[in-house]
Amino acid sequence: MTQPIRLVVRRTSDVSLPVEVSTRIPSVLDAVHESVEILARHAFAGLTPTPECERLRNKLKTLLCESLANAIVYGHHEDPTKFVGVRIEVDTTMVRVHVTDTGDGFDPAAIRPPLDPADLDRETGRGLLMIHKLADSVSFNPQGNSICMTLRRP
Amino acid sequence: MGFTATKDKGGVMVVQVDGQLIVGNRQELKQLVQEALDHSERKFLVDFSKAGYIDSSGLGALVSISKKVREQGGELRLSGLNEDLRSLFELTKLDTLFSISDSTKQALAAF
Amino acid sequence: MTQPIRLVVRRTSDVSLPVEVSTRIPSVLDAVHESVEILARHAFAGLTPTPECERLRNKLKTLLCESLANAIVYGHHEDPTKFVGVRIEVDTTMVRVHVTDTGDGFDPAAIRPPLDPADLDRETGRGLLMIHKLADSVSFNPQGNSICMTLRRP
Amino acid sequence: MGFTATKDKGGVMVVQVDGQLIVGNRQELKQLVQEALDHSERKFLVDFSKAGYIDSSGLGALVSISKKVREQGGELRLSGLNEDLRSLFELTKLDTLFSISDSTKQALAAF
């Protein structure tokens, strides 16, 4: 990633109050993992790096990577002039992530992950599965182009 | 970040994943294995002991590789998955598709 | 501080490339120390917290506190509707801080810190002194309402 | 964050600074000492062993307190400054104005 990303942090110094980190990411798959690294770092800046916090950070990274990749590929067809909106809220009880694209959306109820033995050879379709298994709750807007994922904090 | 391939004395291609296996580098891994298949290699071990992250398209790449190796009558094993990565294979049920060993040593002994 | 502050972070995930953190702080003295805490946290997010890094962070905090307090008191007469601009750049060699107010400025060459034994009883005048002693270089714009302070990284 | 004042058996008012002495709380410290002076206290120890930060107006507050205590014929000592804080007193030459001890114990013994 050569272009720096620009993120906006809204917070007080009081760690018991919510922190909000938001940014817009160009629809380039190569930028996803580095953007996610930065987002996770700033969302958790100020938290003591306990092992639980590290696990939470890893989960957050997976949620972000998978939802961003979907927004970029299916929502924006990798058009680098289109931006994916990301907003992360962290408070003492939970971490909530919103990822929004400007595409047509989809019907999440129609998606079947490849969990049957006969389907295990399928190369795709595991992104939403990972999101559903890792997040404590997942919801979509009616259009299906904005996903909201919540992780409970231990 | 990348892959290191070495051939062990038992004739196994050991591919070490350095850092992560993700949408940005999975193609490289697929190519590396395809070329080895073209050069008549048939035993493959992908080792993750230096890897911390696999995304869903990385898992897809492993599924694709495993198919290709099987089609050529070869054998593919995985090793060195940390706790987080192993749980990724469990939640996607891919632990039932792959032969997974704790260490490279155990994996090599199993070929 | 009840109002959250909003800061903008510009960076890549590559720690060898510059990070830029900027914000605007209302001219309220009570908000200074908490804002500074947050700024320092995000400017250094991603650095390994070595003892050297901690010392650097403490120096950065002092530079920010003292220059912000001056901008608020002398530049803006504590008018909460006026904002002080802060920009921090961090790269592998240095940390640079710009603090800018919209006041009339002053002539830094005319300031004498209370270092003479006879002056030690003076209650004020030690902010710029601390800045000059801790920073590796200090400069002002011609108007004297914008200070630039640089810390070398060890 | 704040100040805790206790009177030691030797009659010294020990004021513990909790966290920091800055523009936002220096007034509180000045008041606390002024009230003690009004109640005829004359020996003061300000302890920083639980403090990590003093800004220039905090230093100004200490200078102001030290003047008032001296005017009443009293005595003020400081203790428990960490390395960073001590260097602050050195670079402002205020180490020559104040009596600084390493520990509360040493400071109390010196009254």
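Residue numbering begins at 1 within each chain, and the chains themselves are lettered A, B, C and D in the order written.
Methods note: a residue touches a chain if its C-beta (ideal position, glycine included) is under 8 Å from a C-beta of that chain, and two chains touch if they have at least 3 such contacts.
Note that the structure is predicted; figures quoted are calculated from it, not measured.
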>> If I average the CA coordinates per chain, which chain comes out farthest from subunit A?
In response: D
> In angstrom, rounded to a whole number, how far apart do the mean CA points of subunit B and subunit C lie?
Replying inline: 51
> Any idea how many Å lie between the Cα centroids of subunit B and subunit D?
Replying inline: 65
> From the C-alpha centre of subunit C to that of subunit D, how far is it in Å?
Replying inline: 26
>> Quick check of your reading of the touch definition: is the inter-chain graph here a line, ring, star, complete or other?
In response: line
> What chain pairs are in touch here?
Replying inline: A-B, A-C, C-D
> Touching subunit A in the complex: which residues of subunit C?
Replying inline: 1-14, 17, 20, 34-35, 37-38, 41-42, 45-46
>> Using the touch definition from the top, list the residues of subunit C that touch subunit D in their complex.
In response: 29-30, 32-33, 55, 58, 61-62, 65-66, 69, 113, 115, 117, 120-124, 126-127, 129-130, 133-134
> What does subunit B use to touch subunit A in their complex?
Replying inline: 20, 22-24, 53, 55-57, 59-61, 63-64, 67, 84, 88, 91-94, 96-97
